[in-house]
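Below you'll find a set of structures to go through.
Common to both upcoming complexes is subunit A, partnered first by subunit B, then by subunit C.
Moving on, here comes the complex of A and B:
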């Protein structure tokens, strides 16, 4: 392993990979990624792959819109088929209150230039003919949302980053951060020490522990989120579906499998990622309630990953007061894959030119000193 | 084609029925699987991949995905373990099947029950375990995903080896009959019951089991997992062609369903399975071109080898199959000599005229249930792949969960039965039952059975597993 590097990135999930690539592309190639296990071994490799722009806070909407722009051309740019299917997101509502929330969300989204719109149950049926429209009071739809294969995305970013000189140190755990005069001067790892120019904390649900090594307290908590995949069937849905009623989400992969999950509000914070029977039963019931034909499919696997959840369900981004070369890129609250390419640009601007964009200002760790309004649609 | 005359087996066939395959009527017997009935009718191409390549039967016991078809509108059905029914509509697929848009899920009955103990798998290990539990007054529930009970014993027509105490001289299917007669009626034994997962909910262990149209949620503190093994595949061009089978599939077709898998066979592998199945092919009236074995020595018992050699079948050591020929099904194969690194030697290729390539190249433990449950695993090549760590008394890293038979490391039916007994005895001792010297005696018999030269590899593998278990580490 190198003794020093301009930028040390902790974590080889989508955030670390996208940022390393973005930096290398701009000529900052003395970059080392430290990964405790292997690329995609955390939340990225366990996520559903959704890329949604229909959020309820301006920052999330903006980041997601920038991100979709990147995803649209990423296969070509990286030379890897990331299996991006831009079939839109259909968001289901089951009550009048949910309908009202959707009206407000669409108004905000449209204001920011997102082509989302309200659909009646019948119109939702046009988007997904196998939907049981009697289950919903309405839906919203944005045709430019989509989904992709997270493994391909990370593989693509890392291959290009490596080609430009970025080092990826697998099975290398960070064991300590040495702070002197307000800067991290050394990173201790399971395979040696490294002196960093800047350190990026992209460790997902373990970001809290990494930050603590530098004496920084993040408000993030790890929350288990379960997911399952079925056997493949002939491709029939390019749209990704979520429900704000119960938090279910599902889409069909390019291979034809139905991948999806559902969250539980009573899930207790913690690092346990075992699979539960409750999830399997509730997910199967809700999935087939919305799309009864999916009852023909067998579930092949179920697994779980960790959401890195902040009090307002928005990420923690940018420099850390008190430790000037420590940059946060975590707290995605389940939305990391969607916005990572955009986040990478903002962080690269900061690392390269010292430009702190409005988004980095607003989503800084400093915001937790005040009270603010959070993201309402915390689903895939 | 069906076998009408067999030197050992008598096929008691069920009622004649008719189903349709891609619109065409097919005659079958009740009790057969869809794939077996199609084979008997000469159908070899069951489905096609997205690119149009043909796919046929490969494992015949529901462990691979080579036989998926659309049955009564439901896509991706494993036709090798699905019994055929009167009027069934069976369709081949191209790539993954298509959803039936009109399908509406039926309300499923969910039954919650508590079991005194659970045994997963009704093969030699599972049944032997069940018998010991019954003898000590515990009535377990036994689940098996297959339509037939007895595991792979039911297709073993040869006489067993080993010591007399372990039933040397008795044919495999007779052992299955004997075990089943002692177990059925005493323990609750459910066939076509697929264990979906083992969960830990509110401090309880719950197995989710799909059985017919019901979901069973079975609470049990102690579970013996005896899920067996699956056929190992071999890489060579043409290995996807219908007519390339696992040796177990050939046995299932011939010895369970009385269906001939082909006319002339090439056997790949001269271990016991390869040698025994070659002889069984001859008994079923199938010619055997040759047995090829990549290693310099025959792997199986010499008495089995001598038996087929006497019948004029060459056993070619340092030889392997390099390709299967044919467009829609196997129409021939190319074999060649191999060097020390097992690579084919150019210039030694020879074409053989066969319509059946039978792979007897080993087994992998079927361990998904234990992996899902969170048991610690390790890769132990001597035992056939990833195996759950366990003590010499068959307890896994999950207290009260035991493992036995091939899923604890590839062995043979006699060691599987002893492991099953040992697992059951461990369970009983965990409950504080006084067993006298029974447990140690069983463990010693097991050790003795593994003492011969053929036991060296599994013995070494088990030592590794026990050491890892003690050390508390694993992969």
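Moving on, here comes the complex of A and C:
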């Protein structure tokens, strides 16, 4: 392993991979990614692959819109098929209050230039003919949302980054950070030490542990989130569906499998990622309530991963006060895959030119000193 | 060449047999992936989808482990230990999970 590097990225999930590629593309190629296990072994390789822009805070909406622009041309740029299916997101509502929240959300989204719109139950049926429209009071739809295959995305970023000189050290865990006079001067790993120019904390749900090694406290907590995939069936839905009523989300992969999950508000923070029977029961019940025809479909596998949740469900991005070369790129809560390409641009602007975009300012770790106004729709 | 064509299943040929029937992945695809750096069972699964079909790797994971052990020189036991098993072990329809 190298003794020093301009940029040391901790974590080879989508965040680390996208950033390494973005830096290399701009000519910053003395970059090392340190990964405790292997690329995609964290949340990225466990996620639903959903890419939506229909959020309720301006920053989440902007980051997602910038990312979709990137995802649209990424297959071509990376030379791999990332299986991006731009079939839109259908967001279901079941009560009048949820409907009202959707009206507000769409107004804000439209103001920012997103072509999302409110649908009646009948109009939702046009988007997803197998939906039982009697279950909902309405929906919103944005045709430019979509989903992609996280493995292909990370493989594509890493292959191109490696080609330009980035080193990916797998099975190499960061074990300590040495801070001297407000800078990280050494990164200790399970296979040696590195002197870094900058250090990027892209360790997903483990970012809290990494930050603590440099004496920095993040407000993030790890929360298990379960997911399941079925046998493949003929392609019948290009739209990804979520519900703000119960937090369910599901879509159909390019191979025809239905992948989806549902969150539990009472899930306790922690690092355990075992699979539960409760999840399968509730997910099966809610899924087949919305789309009864899926009842016949067999579940092939279930698994779980960790959300890295912040108090306002928005990421922690950019430099860290007190440790000047320590850059945060974590706290994505339930939506880190979709915004990774945009985050990479903002962070690369900072690393390359010292530019702190408005997004980096607003999503800095410093905001937790102030009052918190959070993202209301924390679903895939 | 005709001799070849007749022994072609869908992807596999007599000198490049299929390892994973569910996902139709052949020995040479596996070996190539290992050489590209996907050198653990978990990485191979994610890269090639081997072991992720309806049989959940029951048929192919032992074969894959053997190829991986041969290619990397690591003991079979070590290679096998790294793979995680994800429930359910047999495909079960949503209706049955949902219950009444």
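Keep in mind that, in the parts below, the second predicted complex is superposed on the first by the 380 of 380 C-alpha atoms of A that agree within 3 Å, B and C clash if a C-alpha of one lies under 4 Å from a C-alpha of the other, contacts with A are read in each partner's own complex, and residues count from 1 in each chain.
Here is the rule we use: a residue touches a chain if its C-beta (ideal position, glycine included) is under 8 Å from a C-beta of that chain, and two chains touch if they have at least 3 such contacts.
The structure displayed is predicted, hence computed values, not measured ones.
> Touch test for A:104: subunit B only (first), subunit C only (second), both, or neither?
neither
> Thinking of the overlay built on chain A, is A:298 touched by subunit B (first), by subunit C (second), by both, or by neither?
In the superposed model, A:298 contacts both subunit B and subunit C.
> For A:231, select first, second, both or neither according to whether it touches subunit B, subunit C, the two together, or no partner.
Both partners.
> Per the contact definition in the header, classify A:288: touching subunit B only (first), subunit C only (second), both, or neither.
Once the two structures are laid over each other on A, A:288 reaches both partners.
> With the two complexes superposed on chain A, say which partner A:2 touches: subunit B (first), subunit C (second), both, or neither.
Once the two structures are laid over each other on A, A:2 reaches no partner at all.
> Which partner does A:69 reach: the first (subunit B), the second (subunit C), both, or neither?
A:69 sits against neither subunit B nor subunit C.
> After superposition on the shared chain, which partner residues are touched by A:163: those of subunit B (first), subunit C (second), both, or neither?
In the superposed model, A:163 contacts neither subunit B nor subunit C.
> Once chain A of both complexes is superposed, is A:212 in touch with subunit B (first), subunit C (second), both, or neither?
neither
> Who does A:278 touch here: subunit B (first), subunit C (second), both, or neither?
first
> Residue overlap on subunit A between the subunit B contact set and the subunit C contact set?
Shared contact residues on subunit A (touching subunit B in one complex, subunit C in the other): 231, 275, 280, 288, 294-299, 302.
> Once bound in the complex, which stretches of subunit C touch subunit A?
Residues 40, 42-43, 46-47, 52-54, 56, 86-88, 91-95, 97-99 of subunit C touch subunit A in their complex.
> Using the touch rule from the top, collect the residues of subunit A that touch subunit B in their complex.
129-130, 231-234, 236, 256, 274-278, 280, 288, 292-299, 302
> Quick check: in the complex, which residue numbers of subunit B touch subunit A?
Contacts found on subunit B: 73-76, 95-105, 196-197, 199-201, 206, 208, 217, 372, 374.
> Which residues of subunit A touch subunit C in their complex?
38-41, 45, 151, 155, 230-231, 275, 280-281, 283-285, 287-288, 294-303
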